[in-house]
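So, here come the structures, one by one.
You will see two complexes here that share chain A, one where it goes with chain B and one where it goes with chain C.
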Partner chain A sequence: MKYIISLIVLSLSLTGCVNEEIIDQIPILFIVGYDKGEEGKVKGTISLQTFDPNQEVDTQSFVAEAYTSKGLRNQLSGLPKPISIGKMAVILFGEDMAEEGIINMLDSFIRDPAAGRLTYVAVVEGSSGDLITNEFQYLQGIGPFLQNLLKQAVDHGNMPENNLHLFDYKYHGEGMDAIVPLLSQKESEVKISGLALLDDDKMVGKLNLDEMFMFALIQKSSKTGLYELALPDGNYANLQTIKSKVKYKVSNANTAPSVDIIVELNGNIVEYTGEELTKESKSEIAQTMEKKIEDNGLRMVKMFQELGIDPLAIGDHARSQTRNFNFSKWYDLYPNVPIMIDVKVNIGESGIID
Partner chain B sequence: MKWFKRSASEQPSTLEEMVIDLKQSIDFVSYENKASEQPYRLIYFATLIDPEQLHRDVLPVIKDCKKKSLEELKGLIPIENIEISSKLPLIQERLLEGYVAIQLSRGSSALLVNISLRKSRDLSAPEIEFSVMGPKEGLIEDLNTNLNLIRRRIPHPRLRMKEITIGSITKTKVVVAFIEGVASEQNINTVMQRLEDLDFDVIMDSAFIGQMLEDNSKSVFPQMIDTERTDRITGHLNYGAFVVLTEGSSNALIGPINFGQLLVSFEDYYLGWNLASFFRVIRMVAILLSIIATPLYVAVLTYHYELFPSKLLATLISSRSDIPFAPVIEVLFLEVTIDLLREAGARMPSKVGQTLGIVGGIVIGTAAVEASLTSNILLILVALSALASFTTPVYRMTNTIRFLRYPLIVFAQLLGLIGVAFFGLFVLIHLLRLTSFGSPYLAPLYPPRVKDWYDSFFRMPYVMHNNRPQFFRGHNQKRFNDKKNHQKRMVDFDEQ
Partner chain C sequence: MEKDKQYSLLISPFLIMFVIHSNQIGVGILGFPRYIEAFAGNDSWIVVLITGTVFHVFIWMMYRILSEGNFDIVDLNNKWFGKWIGSILNCALMLYLLLGATVILRTFIEVIQAWMFPELATWIPAAIYLLLTYYVLAGGFRTVTGICFFGVIIPIWLAFTAASPAKLSSFSNLLPIMDHSLMDFVSGTKQMTLSFLGAEILLLAYPFIKKPKNSRIWAHMGVGLTTILYTMVMIVSLAFYSSGQLQQSIWSTLIAWKVVELPFVERFEYIGITFWCFVIFPNICLNIWGASRVGKKVLHIKQKYFVLILITIVFTVCILMTNRDQIDYLNTLASKIGFYFYYIYLPFIFLYSSIWRRVKKRI
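So, the complex of A and B:
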């Protein structure tokens, strides 16, 4: 009996150890944006949804400036505490902030056990604060909307996989660099405008939507959405559900490396502006596609080598294929490594009338 | 109890003293007939005997009897169970059982004739363990009828029934039934030993005995199944269990049992094996849901809002935005309301109860949501878990589930999901340590008895039931030749 009583008393004394966060009493953030502020400070913008009993969602945004990410929370004195980031969907960075480095801000999310790992990190052309405070007509609020936009782009569109976890992995991993989505803001809508290329945590370049598609195909085996291909005869063909099988072959990685990227694509033609889709025109489409990817891919790879970044993780592939791989030597050699891209396109279906 | 003890010490020493003593009750009759040719005396309790039998079978014989000895009278009365005795305690005991004592002359010895009157209700369908399919034959309060029902279902010479009388005042007859050679002797010895050791005054129902026989009387989990279904009794007897039947109780107790058997509705055996297995799984899920649905609500809303999908979050927050209480208060309020309804429904006369259920369920529920005392999501959860708790086929288990929810809600409020996990482990450890007549409670699962799995959490086809479960530790494991069942022959018309 003494034992039981002491057990109950002890368990009651534990109750102070857990913080209560009652769901309707805490502000729940879905989105945060960081921009460069004054005097080396960081300007943080958050958007908060309030729910009323009629299931209507109202969005409010708050702005604060501080030197650290958690310091911003203290400055947000207009909000009830604790500010909870457990449902954070998207973390945005303004372009100017991204060029200086984003790891200081992201570090706090990577460390925090309350934060999810499937959060999206994105860079905004211009100011992220403006994007958040802009009153768009999105019903569920800007945070969940952007989450859905990026998720669908990865699942069904042409965007390569990315999230906070992958950023963390690629940031800390050797022989690879992270990429994050690039967003832009037009008057009444938010658009995906491509990818931001990072060198460690600093943004050093951009890829547009076309290049993003090519990048997604040659980065690793994946499935992309729709692509409109211009043919040399002036016609256009649309390819859908393109599946790519990618193989990286790195030889002599420690001495005189050379890289072969072998890509095998399977796609379906869903639209064609020419007169009839014959065998010849199909093979022409395939060849045009092959050439386009090879050219664009090589140009991209050249750009990566010039920038000294490795978003395709070629260094990592080299490591995995080489015994006693020497990274410091690889970094010296990387800008001048000859890289070949070999693409093979198979056209599968072209509709049900064939 | 002092008066009782004193009179017990002043036991009457002669028959006459006893008659004077018992005469203090108005229903006691000591009738002396000296006028007739053959003087005789009848001693009996008028309320216990069957007067018709007395007048038809006993009195004419006495009147016609010219000889003057009890021995010869014994041979003439056409009733079995006649004895001659001069032992006072035996005479008194027999009188209280509905015997009539006949004396031809004043003396100490008497002829005891059993003409007791038994009144009990007719057989009826089981009300607690109702099933749509299968026999609708329930036990009643009369022990002999119940034994008759069981014996009729198992006309096997090895079906043994051992009787023992318990209760210093009620003198209740308790019968332990088992199939010799199938049931483990160790289990039978254990239960007989425990029954013999029982020292209690009033036994009103088998539940009294059940609670006193249990291995761990502090546990909230039932360690014997009480049933009113004769088919369940038959099934368990065949597996090697024993059944304890009590005079005056329409519930028999089955032991030893394990946790899996609490999920067995006997209807499972009348449905196809695949359907039955599916429903058993549903029942398992229902138990789990019923116990943890509302504690999870408390834990998640208080500590772990991250677990909700973003879209559900909006619905939840807006449904809770008007409510002034913390989730735990909200949950306790609604849980207590439901239990009040249930308790009231059980105590009410049945016709009123039905109305009350509807009024309580719909009116209180809707009103509570409209008055912003609870959120409608919680209302759904509470109603669902109340419903789920009634899917258990053993009524005592329903009560256990109903009880377990409350400490879990408190733990969920104190420590969130960790608290729920703590309590879950606590219950698991308790179940692992629990035994039913020495047999492990979580038996086919732990200790693992893979051969018993054919009829525990699933019910496999009958051809796989060829061995009795190891759980009962009987000697005769083989049930039937399974090979014969596999050949489903089609007999052609020209085949003889």
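So, the complex of A and C:
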């Protein structure tokens, strides 16, 4: 009995040992943008939602300059502390910042136990600060809006899977390089304009929306959204819910490597501008698609090899298929490895009419 | 032998499974993959299976050692090596168990401090844990076993959370299989031994089992369950992380929980760590219970008072450890002693007991 009493007494005396954080009183960040500042500093822009108990959510943005991400916090003297990054949804980088490397800023999020790993990392064409401070008419604030935009682009659109964890995975992994979404803003609109290609943590190239679609299909087995295909006879066909099955075959990876990317696609036609969808026109659509993906894919692969980056993780595929794989040799050989893409398209359904 | 021990103070044979399993799983599972991966790379899961098999052999050895009569290791040490050497061995065993309790408690408090409450003073969770430990130990071994049972059953659902990181994983990371040298496997197994430590509690708990000879299958199942869990965590970790990423992650299992998405909670780790309190608790109870058993028999102090002394020691050491390096040192020390315990002491007394028995038979 006396143990119980002593326990109760002790646990009562222990309350309030740690600082409490009340959600109505602390600033919660959903989005942060980093741009190049003056004298090697980093300009950080945040957008903040404060929850008013009886009104709608209020959004404010703040700008500060410092050398590190956490250093920016001290500069944000107009903000109540502590700042919570537990709900951070999107981390943006201006293009000039991305070209110099982003890992220094991301370290803060990878190191902090409070930060999530499903956060999106994206590059903005132009300045990320402008994008955040711009007065868009998004009801829920720019952070949650962008999170939704990117999430749906991955789930239902043509964007390959990406988030902070996958960036970190590829940054540290051998034989692979990360890709992150590329955003752009036009006046009062934010949109996805493709993918930014990274070499380690530095942006070295871009893919447009069309290329992003091809990339998503040949990178790994996946499902993409809608694609408009121009046919040689001047007609157009729209393909939807395209599922790809991808196999990488790497032979002689340690000596004279060669790579075969075998892609099997299944898609449905949801729109067709021609007269009637016959068997012939279907096979024509399939062939045009095959040719298009092969050509574009090869062009992309060539570009990757010239840039010395490996967003398709071919090096990792080579490792998984080769005993005693030698990475340093692979890096030497990679720019000249012959890579073949073999696409086979199956047209499944074509809606409820012919 | 304790003749006054009543039948009602003993535990059912199947409960030894929970005792062994709960003592093996501790804080190690939250971060062990990177230490194994450093040696065996993508073959690390095979190392886990090898170590699991080795521990089945150890369990078999322990049952052979204990097979005669109803003694625990303390009695046997005294019987075989005489009062002096036996007592030294027993005291060493006691210190080892005490070290085990300290390492687990302090490392788990470090997790709480690193992840949940950076400002939390060490003594607070240490005091709460150790007072609870005293409360449980005051109830005797059956209560401790009950804690072990619930320490396994309550958090077992956490195993299903592996599905979330598995969705983001690329399982081709496991290929090509068996791409490492024998030496890598040996070093990995040596490293992995730390995570399997805890089965030695059988040497002390044996006299408390009803029909102890029938309990062997359950002890093996305890180790088997541990092996399954570790293998699962290892495979998911290998597939979820790239090699370099795993090497930089101190608590890889906790970090993997960051991608668990639930509608009502943003950070699953907080729930995971909270439930881990149930996993840690049996470890502390069992280790301190074991140490107090040894103390009772060697030093002839009443267990009730000796537990208090032990708890004070654990508490003091815990609050003296203030940074990662010291905790790491303590972990390495415990792992080294544990390694020698299993690979030198245990085979030695196994042989010794076999020879002793044979010699006795002849006389």
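Side notes on the structure shown:
Just so we're on the same page, the second predicted complex is superposed on the first by the 331 of 354 C-alpha atoms of A that agree within 3 Å, B and C clash if a C-alpha of one lies under 4 Å from a C-alpha of the other, contacts with A are read in each partner's own complex, and residues count from 1 in each chain.
To be clear about the criterion, contacts are C-beta pairs under 8 Å (C-beta built on N, C-alpha and C of every residue); 3 or more make two chains touch, one makes a residue touch a chain.
What you are looking at is a predicted structure, and each value in this text was computed from that prediction instead of being measured.
In the superposed model, A:Q49 lies in contact with chain B only, and not with chain C.
Contacts of A:Y169 after superposition: chain C is touched, whereas chain B is not reached. In the superposition on chain A, A:I26 contacts chain B only, with no contact to chain C.
Once the two complexes are laid over each other on the shared chain, residue contacts for A:N324 go to chain C alone; chain B is not touched. Within the superposed three-chain model, A:G308 lies out of touch with both chain B and chain C [touch as defined at top]. In the superposed model, A:G116 makes contact with both chain B and chain C. In the superposed pair of complexes, A:K87 makes contact with chain B and with chain C alike. In the superposed model, A:Q147 makes contact with chain B only, not with chain C.
In the superposed model, A:G348 makes contact with neither chain B nor chain C. Contacts of chain A with chain B, set against its contacts with chain C after fitting on chain A, overlap at residues 11, 14, 18-19, 86-87, 114, 116. Listing the residues of chain A that touch chain B in their complex gives 11-12, 14-15, 18-24, 26, 28, 30, 49, 51-57, 84, 86-87, 89, 114, 116, 140, 144, 147.
Chain contact summary for the complex, chain A toward chain C: residues 3-4, 6-7, 10-11, 14, 17-19, 86-87, 113-114, 116-118, 161, 165-166, 168-174, 176, 220, 316-317, 320-324. Residues 114-117, 119-121, 124, 127-128, 131-132, 134-135, 138, 168, 170, 172-173, 175-176, 179, 241-245, 247-248, 255, 258-259, 261, 266-267, 269 of chain C are the ones that touch chain A when the two sit in their complex.
Those residues of chain B that touch chain A in the shared complex are 300-303, 305-306, 308, 310-311, 313-323, 326-327, 411, 414-416, 418, 422.
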